[in-house]
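The following pair of complexes shares a single chain, chain A, combined with chain B in the former and chain C in the latter.
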Partner chain A sequence: MTGKRLELPGYLLLAVFGVIAPLVFPAYVQQIAMLWIMIVFALTWDTMGGQMGYNSLGNIFFFGAGMYIAAVCQIWPWYDVGEYTDPSGSLTTSFTTDQYFLGLALGVVLAAIGSVVLAALFGLIVFGLRGPYFAIGTLGMAIAAGELIGAWDWIGGGGGIRLPVFPSGTDAEPLFRVPFGDIQSADLQGVFFYWTCFVLAVLTFLFLRWLYRTRFGLMLNAIRDDETKAEALGVRTQLYKTVAWSISAFFLGISGALFGNIIGFMEPLEVAFPTVTFGIFMVLMALLGGKGTLWGPVIGATLFHIIKEVTWTHLLGWQWVVLGLLIVVTVVFFQQGIVGWLQERRPEWFGIEVDRGTAGQRADAEAAEALEAALDDAGGPAREPVR
Partner chain B sequence: MTALIEVDNVSKSFGGVVANNAIGLNVEQGSITGLIGPNGSGKTTLFNSIVGFHPIDSGSIRFEGREISNLRVPQIARLGMLRTFQQTRIFRKLNCVENMHAALSHRGGTFRSMFAKKSGQAEERAEGLLDFVGLYQKRKLRAGDLSFGQQKLLEFAMALMNEPKVLLLDEPTAGINPTLINGLIDRLRLANDRFGVTLFVIEHNMRVIMNLAEHIYCLAHGELLADGPPDALRNDQRVIDAYLGAH
Partner chain C sequence: MLKHCSPATAVAAAAIAAVIAAPASAKVEGDTIVLGSALSETGKYSTNGIHAKNGYNIAIDLINKTGGVKVGGKSYKLRVIYYDDESTPARGAQLAERLIRQDGVKYMLGPYSSGLTKAIAPVTEKYRIPMVEAEGASRSLFTKGYKYLFAVLSTSEQYLASAIQLAAEIADKAGKKRKDVKIAMAFENDPFSLDVRAGVIDDIKRLGMTVVIDDRLPRDLSDMTATLTKVRALKPDLLVVSGHSKGAATAARQIKELKIATPMIAMTHCESAKVVSKFGASVDGFLCPTQWAETLSYKGKYFGSAADFDKKFKATFSGYKTVPYQSAQAAAAVLVWKEAFERANSFDKEKVREAIASTEMTTFYGRIKFSKAGNNIAKPMVLRQIQDGNYVVVAPSKWASHKVQHPRKVQ
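For the complex of A and B:
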């Protein structure tokens, strides 16, 4: 199976690129860190949209929720959050290295847990919806969250929150010096978050790779193909949907916590709950690469991110036109995506068997023969036909 | 004999249409019971009521003596009562073996068992049952690529994989090639005889149901018209009239 054989070079390529990229392209560390986050976006969207057939337009909600939860956790142990975020306030703040990393660790953990809790709660509401109603319902959820946070002054309202500044010239520095030689302390933040994003993407990928090979993965696909049939077989569909969404939320929550700290500032509409940019990108990337596959979202996110960065740099002013065209072309002409297209052209690469022989009438005759043969093996009919 | 399913005074309307009116019937443990009636007489509606597909307007449905009319489809399925669909339903993009794995019972599953790997034991059973319905050669094909008749056989094998106590089959032979019908009837009998699965079968094909069932209920216009062993029903004037009147 060539598909399997392509996988190993794929892992090696990504691992090697991931490790040497910050050394070879030091100027692009933040862009490449963003690539890992985009891959997490596409992978987690696909768990619901591709594997389970529930197209959410509101997954960005967990990204924003994670971002805000982390910010509060980073501030609240040391300062009053309301005072800290007060735009007219004269509070001067500084975080020691210990305070910074402790807060960040707490923030990442609670962002993950909090997002899972939110997924379980909102799942109760939106999983009653199917098809386009589910898509719109989840979108509404993300938009409403942005508006609500914007009206909540304690966490900065529409004005947002500045995050604690990454410690400079500190005890943490030697830790980075070892693998990176002589590193400027101004770059420390970039390198630190580069590695956390890379590790997050790798963990997300490996976790989903495992998940899709379990019974759980099979049931996600069953729900996608025919939810009514799955229920008729006794599947606790609501539980599966909730757990699948919680898994997406877990990794998205962490990605939000990291992203907020990379940017250093968050506000509800553009940064935390950007439904029309990241919220749509995650869908597009999964579709482009091939929804319902493990590698599709990775390939789609990589390609999309490159196109996006290039157009942003070289076609400024036209970047939205290019992205719009990409969306239209993908959705209209290329719904199966890159991996899906490959699966169709080269099913044998993926271990998919295709019947090249019989169809219709002939297939039925063949099936009847197979039935007869199997019956002989089974030792004849249970009873002689009556009458 | 004890009644596995007891339907008592069950009514169900859709808007103004009374699809089932005060239906009462029993399905005996271990039996093959038939349900016949002209098109639109309310057979599928009764199945849907029994398996919890929709709430009933009034009456009571018991399974192994337990009231189930307030339970929903997956709960009832986990009790061991399964149905197949008149419009066959399988998981189209999964191959046959995967369909069989997906059909494994969810009775008493723990949270951790959701994340189990496919077991070799289940794989063996899946292949054995696919062989039982003559689909072994096709086991790696996508279910959506099978012919309609083969999909019906797959759906039946999936139901057996789930190890139900009773199986409600909605027109198992409708729309499939006549050459497949005899083989399928033999399979139904074997499932009943060897695996001890009680069968409750809706069937339009008179020859099939008269051969298969021990006891048959006949519906017409949402009412229970008559019931009895095949011989009695075949000669029942009301049944003959209902079918003649309908055609």
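For the complex of A and C:
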């Protein structure tokens, strides 16, 4: 149980970083907020791909669905959505502070619920598929969603939706003075969404941490390891799969609602259903960190986000090559990801007790005897079994 | 038991390291004024993103070589921090935030396309950073009360207005009823083209003509045979296409391949798609709206006349047979900044904003004067026709150098 004893300072450090970062590095608030969203991406993908062994390429669907549900909820109580999104932009709009936050709260809640409902519905269809068919099926679902939304004029079609503007003041004086810069009222939007993203990531992590330790978590692993056998043993696999997907969808829907408001403008293909960017990133981050582990997605997302933010803007035109290289290196050399690799090398760090007491030792002894017997038969020298 | 840091510790340490590593700089460094821009260098808008970047750079070069920007009796050079927005609004908004918060940029140049401008304008507005943009034409940008957004170009509803007007005039002359004029429309499903479409529909309604095809085309358009097959069957009098450079290139290619015989074809982005050099005589007779043309008699303090700019641009960058208006207007946006700094005689962004708002200048790109909403109201769109491989202005009549050829010769 060493891992547990060392986990606490880690949690504390991360929590302290999360809390003080927006105060110490006000200029980086949005990038760190994106980091939390990336962590949610990787964690929720891992619930499916890592714990349950269903490699979904379409999880981004719930991100986009959440974003659109939230946007509609933010506009619809006060304006006609069709007029609001009209491409000629003739409607002038303004939202009061109350309207904004009420709409946002409603949007986030309904985005979460709506995504869960969609997951349950689509689960009926796609969970008939397994392996690569499931991956392609879900990918198709996300792409189709983007195209369909793009053809739906009421919510702006391909022209997208401009979200209500965060009610920030116009004072020129900074609101707070902090060590590395001031927080202006213009930064309030960034700070607000930083906190919501941070809380979302923490809740997602804690929830999944709890979930993986329950019987439910074991059922997911059983489905991953051998679905047919699990079914034969009486595990209601369809139910577990649907619930797991709904859990992913719940958190992804919220992340979409928040992301849309951080960016302030959304349209179906590149912002809401970006299958080739975020949709692939979430898989890559989980693989990089180590799929099927709790910490793997967190580490993978952090590393990936840092690589992306530090190098991409300085490697104009080469960023996709870097991404491709990262995928190749991960898939070829790091199949278990960073945490998976560490877990194998240093199981004791993770509180995993490699059982050498009974079964392990007995197996070792049997192997040694067999080897000795074989060597004796061959008339060679008896050697210590290599272990 | 072993003492090692847990994964959580490693994550936190790595995140802190990453945050500290990035540099920060200021708006004016020594004798250099730093502008910032997120431009599409990769992705579906990269062709036009690069045209725009070339436009920014040629103007910056010219200013830096001819005495720079004079503020408070001192001469300053201009420099731009560019980031690649990958043609996605989500990235564009994040990069704008990064330019303003981390690089300390106080003066922005616009991105390419209406979609990206829609994503970036709220950010610059939030931080009250003036942005002079040259590539976001969507009308809806100028109905939101943005105070820090200025655009040197004409808004999107004007793009195809003269082509529709021309179709009505031709019908009148031929004694044809206006409601018998059949129009086929194919618009890319993106913020810019949908806005152009909204303008076209208003015009068609006003003139009482009939729409026979109204197709939405996917982004990054590489096939529109379905629409063109319908065009062959329904024989419209006018075919209207809008879909950035890629869309124009695809349309021109397939119109040639399928031998579409529509007498009148109007499409945006002919120049930036380089349709003449790619498809030769088959594009003769196409009507192409343009923000600017090298044959116009515009003249200004910098670059001289429109023709001079054309010559200089072709000499500086290779591979251009026709200079796309995207480059010309990008250069004009830089000129607006220079004049504004000098008139404000200050680096205070509020004073500079005031100076931009009161801009009234004549350039090689046309006149520039901003409305209260920030769009340029002093410069018309012109409609050009490709005649014998050359772009000639056919409308509006004030600028027309040639008569429109109708019907176009199908080759």
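Couple of notes before you dig in:
The working rule: the second predicted complex is superposed on the first by the 331 of 387 C-alpha atoms of A that agree within 3 Å, B and C clash if a C-alpha of one lies under 4 Å from a C-alpha of the other, contacts with A are read in each partner's own complex, and residues count from 1 in each chain.
Note that in this section contacts are C-beta pairs under 8 Å (C-beta built on N, C-alpha and C of every residue); 3 or more make two chains touch, one makes a residue touch a chain.
These figures come from a predicted structure and were not determined experimentally.
By the touch criterion defined above, A:Arg236 reaches chain B but does not reach chain C.
Once the two complexes are overlaid on the shared chain, A:Ile280 sits clear of chain B and of chain C alike.
Once the two complexes are overlaid on the shared chain, A:Gly157 sits against chain C while remaining clear of chain B.
Of the two partner chains placed around the shared chain by superposition, neither chain B nor chain C is touched by A:Ala120.
Of the two partner chains, chain B is the only one that A:Asp226 touches; chain C does not reach it. Looking at the shared chain after the overlay, A:Gly10 reaches chain C, while chain B stays out of its contact range.
With both complexes superposed, C is the one of chain B and chain C in contact with more chain A residues.
Shared-chain residue A:Phe216: touches chain B; no touch with chain C.
Once chain A of one complex is fitted onto chain A of the other, the partner contacts of A:Ile352 are limited to chain B, with no touch recorded for chain C. Interface residues of chain B facing chain A in the complex, by the touch rule stated above, are 51, 73-75, 77-78, 82-83, 85, 89-95, 98, 101-107, 113-118, 131-138, 140-142, 145-147, 149-150, 153, 158, 162, 176-177, 179-180, 183-187, 189-190, 192-194, 210-211. For chain C in complex with chain A, the residues that touch the partner chain are 1-16, 18-19, 21-22, 24, 41-42, 82-84, 86-90, 93-95, 97-98, 101-102, 115, 118-119, 122-123, 125-128, 138-145, 157, 188-191, 193-195, 197-199, 202, 216, 218-219.
Those residues of chain A whose C-beta lies close enough to touch chain C in the complex are 2-3, 5-7, 9-11, 13-14, 16-17, 21, 25-32, 34-35, 86-92, 147, 150-151, 157-160, 162, 165-166, 168, 184, 186, 189-190, 259, 262-267, 269-271, 274, 277, 295, 298-299, 302-303, 306, 309-310, 312-313, 316-317, 319-320, 339, 346, 348-349. Listing the residues of chain A that touch chain B in their complex gives 211, 213-216, 218-219, 221-222, 224-226, 228-237, 239-240, 243, 352-355, 359-361, 363-365, 367-375, 377-378, 381-383, 385-387.
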